[in-house]
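Letters A, B, C and D mark the chains as written, and numbering starts fresh at 1 in each.
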Amino acid sequence: MSGCPFSGKEYQFKITYSTTEEEDDSQRGIDKAAKGGLIYGKYLQLDKILNAQALESEKRHSKSHDEHLFIVTHQAYELWFKQVLWELDSVRELFIQNHVPDERNMLKVVSRIHRITVILKLLVNQFAVLETMTPLDFFDFREYLFPASGFQSLQFRLLEIKVGVADNRRVPYNRQHYRENFHGQESEDLLRSEQEPSLLQLVEKWLERTPGLEEDGFNFWGKLQANIEEGFKLKMQKLEKEPDSERKEDMLQDLKKQREGFTSLFDSNHHDDLLRKGERRLSYKGLQGALMIYFYREELQFQIPFQLLNSLMEVDTLMNKWRYHHVCMVHRMIGSKAGTGGSSGYHYLRSTIGDRYKVFVDLFNLTTYLVPRDWVPKIEPQH
Amino acid sequence: MSGCPFSGKEYQFKITYSTTEEEDDSQRGIDKAAKGGLIYGKYLQLDKILNAQALESEKRHSKSHDEHLFIVTHQAYELWFKQVLWELDSVRELFIQNHVPDERNMLKVVSRIHRITVILKLLVNQFAVLETMTPLDFFDFREYLFPASGFQSLQFRLLEIKVGVADNRRVPYNRQHYRENFHGQESEDLLRSEQEPSLLQLVEKWLERTPGLEEDGFNFWGKLQANIEEGFKLKMQKLEKEPDSERKEDMLQDLKKQREGFTSLFDSNHHDDLLRKGERRLSYKGLQGALMIYFYREELQFQIPFQLLNSLMEVDTLMNKWRYHHVCMVHRMIGSKAGTGGSSGYHYLRSTIGDRYKVFVDLFNLTTYLVPRDWVPKIEPQH
Amino acid sequence: MSGCPFSGKEYQFKITYSTTEEEDDSQRGIDKAAKGGLIYGKYLQLDKILNAQALESEKRHSKSHDEHLFIVTHQAYELWFKQVLWELDSVRELFIQNHVPDERNMLKVVSRIHRITVILKLLVNQFAVLETMTPLDFFDFREYLFPASGFQSLQFRLLEIKVGVADNRRVPYNRQHYRENFHGQESEDLLRSEQEPSLLQLVEKWLERTPGLEEDGFNFWGKLQANIEEGFKLKMQKLEKEPDSERKEDMLQDLKKQREGFTSLFDSNHHDDLLRKGERRLSYKGLQGALMIYFYREELQFQIPFQLLNSLMEVDTLMNKWRYHHVCMVHRMIGSKAGTGGSSGYHYLRSTIGDRYKVFVDLFNLTTYLVPRDWVPKIEPQH
Amino acid sequence: MSGCPFSGKEYQFKITYSTTEEEDDSQRGIDKAAKGGLIYGKYLQLDKILNAQALESEKRHSKSHDEHLFIVTHQAYELWFKQVLWELDSVRELFIQNHVPDERNMLKVVSRIHRITVILKLLVNQFAVLETMTPLDFFDFREYLFPASGFQSLQFRLLEIKVGVADNRRVPYNRQHYRENFHGQESEDLLRSEQEPSLLQLVEKWLERTPGLEEDGFNFWGKLQANIEEGFKLKMQKLEKEPDSERKEDMLQDLKKQREGFTSLFDSNHHDDLLRKGERRLSYKGLQGALMIYFYREELQFQIPFQLLNSLMEVDTLMNKWRYHHVCMVHRMIGSKAGTGGSSGYHYLRSTIGDRYKVFVDLFNLTTYLVPRDWVPKIEPQH
């Protein structure tokens, strides 16, 4: 952390064109710190940060060396969760302010969601550190931690809620709603977060306003449906000329199935069914906006939105990767059987990895609706 | 952090051989937390950790979104530095207790040094997060930080000292000894650390006692010298038979140079010269012990010591990689010219990357003294 | 790749003690390459490696830029799989040669297994590169690849077999045995590998010979059973004195369950039942050896074996992480519905992630049998 | 590599809304591969890739286990270099086609440059694999490699040239121009690449056309100069009122220095001087375009260009990180002294790490010219 990008305002304009050698340059500074002002350790409140490691094992006069690692690792996770929430809240705020954030905000939105993915990648890799602790070392102090549980991490629950994990798709924890594990202020924080619009909901609203969806305007959805119908008609006609009757029959079946798939895409009742089952999460119009961004991603105003959709999928994937690496670590630490008494441990965690915790599932499934380029409605150049 | 390896003692023996399906297993826990006891957030002192982010820009009513990232990142670094110091101190303690730690301690020593390397790798990768902040975003609040500087990180200096960075090889900072930047308790902590034995010194003492070095015993050094001399003599004799005189002359020159190199290896005065210049750091006997471990690394009692030597080199390398990635980030944030007024910034940092901050330089240079396997003195099987 | 650790033998002894500055040192070399000899590109057979990228899309006059990435990524995976197999075969060979490889081989064994974990970590991270390809870019050429499938990767199957994935626990692929997808030489290679001893089997044999297991010698198992019985007896006696009858009853139930768990540990018939169900994979005696290494890991001769057990678990975990990250990528590329016609794609892959593909499952579950340190039979110092 | 995103065209439209359980879904596929067509191994030309590892040590009947790792690692590097060149050439082509690539190309450009950064990150991490080889293991076969050298990697030189490393800033290699180490076709390839426009030059041309630079239009540069002059004038006036004369003098000196810095920014002769010295690489107008993008990065048409500038800096930084990690590995393998005979090895490599190999140095230094937001010329909203 030496030297560092800290630096005072008065130097911001300075430029020197020294031709002297590097060794000299390295000694050219003036020690401005001597004149007083902000101190590194005070600014970072290191007195708090570095005095927050109290070993339970030490309190019991049986100091366990590795408990320090256990504490520091969890604190580092919580620090980063705070940062992720900071970014997430700011992005939600940008969406809320404007309902449709004007395009000038989009660079900020996409940069901050990208930053979340970078942090989540770090957090996935961070398990490597805790994995240097063997199960035997953990065994030395794990009894003292009872009944504290990572399940009680408020921030991780807030993170899930604010991204948009569906409350009704959560795996119950010991047959209880997850919120039962929190009390007082924490319980209230969770409840309030659930009532605020999630990132999913805000993205949905934004997608619904994608320019080009207006039925009395470009009417993307109507045009797309017409093109697809026309496309299949032509394919059918072409198929008629196929001489090999067995092959023809095969291809006909394939084509019919494909057409059925698309027919259902344009059926809003079908969409609502899937919404109820939780297999889709976006509104019908939101889905249309997302598909539009996919198809026209090279247009100036859709380039950043396209990046955003990709980053949202990455957030989803990384949260699942985090869960999976977490399960792997727990399995190594306590085995698959252990913990079945007081906590469902490994088995509970395993059950949270599936698709039910995915939020932007519709974006993943958009690939199902890709069509040949010449079926995509032509758009007028934007200038 | 959900679910987690926290788990109470009473479950440690439990095994259940359920044949039911996983979904059920996941709900099998009993909510022991309801009965009271340690709470996750209290154990981790999250009230301290998560309330230690005070933005200077916010105090000036000009909240800069990215300052939060800046603070959290630095706090995460300091948290991990604390953990590295924890491991480092425990390893030094293991060495100090025993002078020669008995072999039963070596698994702990090597595991903890390995853990340090894993943490340092994380810290090198962690720059990726701060790199999501652009120089423009940094510009928004960097004036408020003046004159705080990462150079003031006490823990990083302690880390350098405790590993064994040579005080007289440090680059001065604005023409001052680095310790001038610290005051009061911090200055005392640094001074005391400098007076305690560093990891380098403790490893040196341990290497000096490598079994087999005793002149009146196996006498590794004497035997090696004899073998090398004999080896060169044989090579010379063989060379005599070379018919091509030009080629013979070439090879003779090569051989002589090689022999000179080895002659100097067995010259303790030469070693002392290099020590004074700082080109070697280990005592002559320590160097012998290290070479012995290299040659006999497959012997049972040298396997873990060999791993240790490799890990020590990795610590050195990773600290330099950390410094280098840090320089890269600073360069991106403030450019190569900026900061030359109040701090030597980029140029100062660049000057710290060279070999002068390397501690286990002798281990890196051991490769210079590798010899053909049949020149290595034969050792008796250990059982 | 510049400069590089390639370097000729004749320099190995050379040492120069230049005091000149670095700039000069950097130009001190003599251009020996000019004299002929091995060439970098020929040595690496780059004519093969760099001319093995033929785009199917290009053959169809519809060049898809991203197909090149697709090919190169898969080739990089296969290159590394070859290296993993190289290490795996060498380790298996070390075990086979000696039945019990003498302890001098253990450094090699543990280093090579460790190297496998480092490669697997790289391979997990390597998905990040392919993830820069969007589903839309993939859509442009994926039709041309039909019906090639990564499922046809011979090396990955060999890897699974050689580590010890249980044939009868594999998920069938489209209702077929996985080997049905391979023909000719490849099919034979697979069959032969299945007949050779797997890493699991070789490790098992080695564990069975752990010194100290001999019933007529140290008799670890017998002593452990006696200690555990004695331990529970003492706990029961202590419990008798508990005044609070409700609490006493609770604790009594817990204690009984724990004892049952351990009773079953010493029941070889029970072990055989679990073996048949596939819930255990190691022989009864192998399990005993592993537990012994766990308990006595700080003894000189068990330090490296303990590292080996940890690395084996890591191999298992990393292969599962690889599978999981692979699933995530596939989900992003083709969605959860796609591929249900010709390949079960996403759903098939998801089904392979569970514990059924774990090999060293017994090592993970050893933590279930940890006991207080004073229950562990005392061992005589080894010297 | 199992299962994989390979999948045939006919399935792309298929959607099934199965409600059956996952286990069944995983078996739902039809084995289309049986009907013939593209085979995984043939497509990837694995016969070439996996048969390109010939150990020199084996040819000499002294098989060295680790030489296989050495070969595979270098091959993996070369494979990825090929991919980086593929991306780099396509980006250069996009720029060349259009001189100013129309904005629709910018998503492609920025995505591909981003992909290069992802690959380079992988390559930096990939050293971890080779670092599992100890110097002693390398010693076993390095004599056989003589005089092959990574310096002979054609692709890495092409990469440097195509990005835009300045020929006249290269460190000579054993006092020779680097191209002297290549012959025949390779030498011609290098020469031709040097004559083609580099990424730096193409980016420069593109920057020069940044809309808003026209002197008879928005006239960014003229307006900026006026604002800065006005800004300093106001600061001077404000400073007049400072009562403390010593403090006033201090601040006056600071302000003057700052103003000098900016005066030189608007001095095109000064720019040309720096160009000649190699301290700047972009044309004066190109620099102006870059600064404009910095200031107006939130405008719709500058969002992606801003991302591009950041990614270009990242490419630069990552190539330097690659060089640095490479040096670290070489140091560990051969020490700092070794190799001084035939190749300048470590010292040569160290000398290539400095800023002289940086290409987009001007972008790094732009931060020097940041000004308060209200000094930035107001731009009209774009719509």
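In the analysis below, a residue touches a chain if its C-beta (ideal position, glycine included) is under 8 Å from a C-beta of that chain, and two chains touch if they have at least 3 such contacts.
Model, not experiment: these values are computed from the prediction.
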More contacts between chains, B-D or A-B: A-B
Chain whose Cα centroid lies at the greatest distance from that of chain B: A
Centre distance in Å when chain B and chain D are each reduced to the mean of their C-alpha atoms: 29
Intercentroid distance (Cα basis), chain B paired with chain A, Å: 35
Junction residues of chain A, two or more chains touched: 10, 12, 14-15, 17, 139, 257, 297, 333-334, 337-338, 341, 350, 368, 370
Contact graph of the chains (line, ring, star, complete, other): complete
Residue ranges of chain A touching chain C (in the complex, touch as defined): 131, 134-136, 139, 257, 294, 297, 310, 313-314, 317, 320-321, 324-325, 328, 331-338, 341, 350, 354-355, 361, 364-368, 370
Sites on chain C touched by chain D in the complex: 1-12, 14-18, 22-23, 25-33, 35, 37-41, 43-46, 48-54, 56, 65, 68-69, 71-72, 74-83, 86, 90, 111, 114-115, 118-119, 121-122, 125-126, 128-129, 132, 138-139, 142-156, 171-176, 180-181, 186, 323, 326, 329-330, 333-334, 337-345, 347-352
Chain A - residues contacting chain D, complex: 10, 12-15, 17, 103-108, 254, 257-259, 261-262, 264, 274, 279, 297-301, 303-304, 306, 368, 370-371
